[in-house]
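Each of the next two complexes has chain A plus one more chain, namely chain B in the first and chain C in the second.
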Partner chain A sequence: MNRKILFRLMEHAILILVSVLIMIPIYWVLKTSLTGENLFNYPPSLIPKDPHIYYFVDVYYWIPFLRFFFNSVFVSFVVVVANLFFNSMAAYALRYSFPGKRLLILFYLSMMMIPFQTTIIPAFLLTKYMGLLNSYLGLAFPLASTIINIFVFKAAFDSIPGSLFDAAVMDGMKEQTILFKIYLPLAKPAIATNIILTFVWSWNNFIWPLIIISEKEMQTLPLGLSTFLSYFESTNGQMYAFVIMVISPIILVFFMNQRRFISGIISGAIKG
Partner chain B sequence: MSKVNRGRGVLIALFLAPSLLVFTIYRIIPIVWNVVLSFQRWKLIGIPRFVGFSNYLALSQDPVFWESFRNTLYYFFGGTPIAIGAAVVLSLLVNKPLKGRNIYRALIFLPYPITPVAIAIIWKWLYDEKVGLINYVLRSLGLLRESIGFLSSFTWALPSVIFTTIWQSLGYYVILLLAGLQTIPDELYEAAEIDGATGMRKFQWITLPLLKPSLFLCFIVGIMNSFTTFDVIYVMTNGGPGNATEILVTYIYKKAFTFNEIGPAAAMTLILFLFLLVVTMVSNKISGGEAGGVHYYE
Partner chain C sequence: MKLYKYFLEIIRHNVANSIVIILLITTLLGWLLYVELNTDGIITGRVVDEKGSPVPEARVFIREKTLNLIKPPLVTETDKEGKFIFRDMKIIEFLINAQKEGYETGEDVRYHLYFKGQHFSLPKPLILKKIP
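Here is the complex of A and B:
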């Protein structure tokens, strides 16, 4: 029996060690954003001494933080809403059998495996010719519908009994009403997955804004962050306060509903 | 399934149209156009000119292209097996009925969805020669006599970037494997115990074979992520020192958007595309058509 307890303890020890190692970088950046001490002081202290929020205030004044924040929030909002509508509509259409449906699904499946990075040059050119460089629409467009999320909705809709649909048709409901009033309310987990995945993808997106945004006022947070690094180098507390400000919405969403967040992110193994 | 009538046909088309428009503009057209561009000479001004295979020829003689290709492979092979290996151990641990296992799962997973640009900035600083935590710890432990500029060293830059990637992706593999572990029925283990199988045996003969699909999926995700990484390297090293951490995507970006050499960049993109296509097709073949589809719904 003693052996078993020892074994248990060892298992916990390994997991605690790994968890600590994983959390150190995040803790360290949080601590420095409040004190700045790891930048100048040796040896570094484990507990924050005299924490203050001046670095956060500085970020607010040094760069158009509110503007970047708004850009990121607005683009993510557009992306999430567009995905909810477009993906659920496509998934609803896929309930029916129609000529070419198998081909369409095959097409979706193959498109899903194409990473965005292998399309950036023509994607940039197309966006330029559409006059969408330095625009919100240009930022949101490529992410406005994502295939994996269509399948997430499709799986949810497939599990809704057909009798419900038949009853709704009997009652003379219009199809768009059936989708929005009956199907979507019954597919809440799918909605959550859609929101989580597309929010995280849009919020973290970097290469696309880097390519199509050249005006400072149109920068999103990750782009502003990388520009900030090139201006100020890495030895100031403001840099790390900025980092915290960029990552905290993601962490917030994560802690709001961990289980759903994790399963949502997992289902988007391959972006698309 | 209901039969299609006219009105319904219109509805289906209307419902499919918005998403298809997005995929047409940002997937189909770019894929085709990229092929065309790879056979052209163009610097974003003037009219593109067809030059046959000369972009590919130029690439084959470009040492940086080969170096970035090698680095991409190194980036994948150096990181993914270690991450998956560690993830196997961790997933077995958090699959046990331990107290607080949900907390462990959450903490290990947490880095994965965090903004890569922010991760890169944090790690760039942790690796710093003067104020970096890693140098401090290694020196305090007596493992290092003098600080190393990890990201400015030709030897250490790529391994350092790889380590950051492992740190970020580890939790993802853990959860993916955990989903696989949970599909293995307990009866199998019970039966094996009756037959006198020990822990290691059970792992070798039950867990590992039945975990194969999940391991395979990890592998595919690892390839996809390795070959499309951009943010972390762009911010941490921008391909440097020299070209020590240049990988295909960062080189494509530089060629296309810094030097405006659209032709060679498009050729490189097509090579990357075909490479990934072959990899996914082969793995689909091996796995019986299940690669890429993740099913982890509660």
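Here is the complex of A and C:
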């Protein structure tokens, strides 16, 4: 019994140590955003001296932060909604047996191996020909459906008993009703996983907005951050305050969906 | 009515998340209300000598500081009680000092505000030293 307790204590001690190690860079960014201390100060101080929020105020006023924030939120919202819609429909279609299904899945999987950077030029040309440069739709377009999330939905749908589907068909339900009224409510972890992953990808997206956005008022936060850094030098505090302002919505979304996100990922891992 | 019920249902199923969102929105609205009620842009303060006596008719210079430059100064004068006032100051960071004949030029004091147009009273008076 004592050995068991000792083992549990050691396990927790190691986990706490690893958590602290992972948290150190985030803590350092937060500390610098509140004090403006140089990152390379020696000896480094763990506790912030005279912390204040003036650097956040500077960022808020010296760049059009609200506009960038709105752009990021709106584009992420469009991406999340589009992903939920298209991915769930694609995964629902993959429930059926049809000729070439295995080939299609193989095709999906092989597409995942192609890095986005290699498809940037055709993606840009397509977006240009559709007249979507400098637009929200253009920003959201390449992330509107992501293959990994189709498989997350597929794993969740595969775990739903087929008898439920048969009963719904016998009751005369249409395909879209079965998907939106039966399958999706039973796949909440998959929805949470989709929301978090697509939100984070869209929020952090830098290269795509850099290529298709030339108007300042259409910039998203990561692009705004790079512009901010190119305008000003020696703005330690402001730079880190901006970083905190950019990453805090992602952290908030993650914490709010953390439990479902993890169960969604796990279900994808064992059934996918 | 249906939408209202739908939102209530969401809140009922996500109590912790709903509390966080409601707290965030309340804090944000409270802050915006506070800002709205305090944006008269008035900056006040006092100028005193080393003994703490008010210095009348001293010239007070205020210069807005941005991230990469300091703007030209705005000037006002202190009254009989050594008090001064600047109005419509839509700035967030500034340098302030006082000058008067017979006194050494005061040192620049730097202040940072929380929002543009904040009503602000200098926490410490500006001190002028008499030339011996």
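By definition in this document, the second predicted complex is superposed on the first by the 220 of 272 C-alpha atoms of A that agree within 3 Å, B and C clash if a C-alpha of one lies under 4 Å from a C-alpha of the other, contacts with A are read in each partner's own complex, and residues count from 1 in each chain.
Quick note on the criterion: contacts are C-beta pairs under 8 Å (C-beta built on N, C-alpha and C of every residue); 3 or more make two chains touch, one makes a residue touch a chain.
Keep in mind it's a predicted model, so treat the numbers as computed, not measured.
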Partner chain in contact with A:53 - chain B first, chain C second, else both or neither: second
Which of chain B and chain C A:140 touches, first, second, both or neither: neither
Per-residue touch tally on chain A - higher for chain B or for chain C: B
Which superposed partner A:120 touches (first chain B, second chain C, both, neither): first
Touching partner for A:85 - first (chain B), second (chain C), both, neither: first
Which superposed partner A:203 touches (first chain B, second chain C, both, neither): first
Which superposed partner A:251 touches (first chain B, second chain C, both, neither): first
Chain B versus chain C as contact partner of A:62, first or second or both or neither: second
Touching partner for A:14 - first (chain B), second (chain C), both, neither: first
Partner chain(s) touched by A:262 [first = chain B, second = chain C, both, neither]: first
Residues of chain A that lie at the interface with chain B and also at the interface with chain C: 235
Touching residues (chain side chain C, partner chain A) in the complex: 17, 20, 66-68, 92-93, 112-116
Parts of chain A lying in touch with chain C, wherever the complex brings them together: 52-54, 57-58, 61-62, 232, 235, 238, 252, 256
Sites on chain A touched by chain B in the complex: 8, 11-12, 14-15, 18-19, 22-26, 28-29, 38-40, 42-44, 82, 85-87, 89-90, 92-93, 95-99, 104, 109, 111-126, 141-142, 144-145, 147, 150, 155, 175, 189, 200, 203-204, 206-207, 210-211, 221-222, 225-226, 229, 234-235, 239-240, 243, 246-247, 250-251, 254, 258-259, 261-263, 265-270
Complex interface listing, chain B residues touching chain A: 1-4, 8-9, 11-12, 15-16, 18-20, 22-23, 25-31, 33-34, 37, 89-90, 93-94, 96, 98-99, 101-119, 121-126, 128, 131, 133, 136, 140, 167, 170-172, 175-176, 179, 217, 220-221, 224, 227-228, 230-231, 234-235, 249, 252-253, 256-257, 262, 265-266, 269, 272-273, 276-277, 280, 292, 294-298
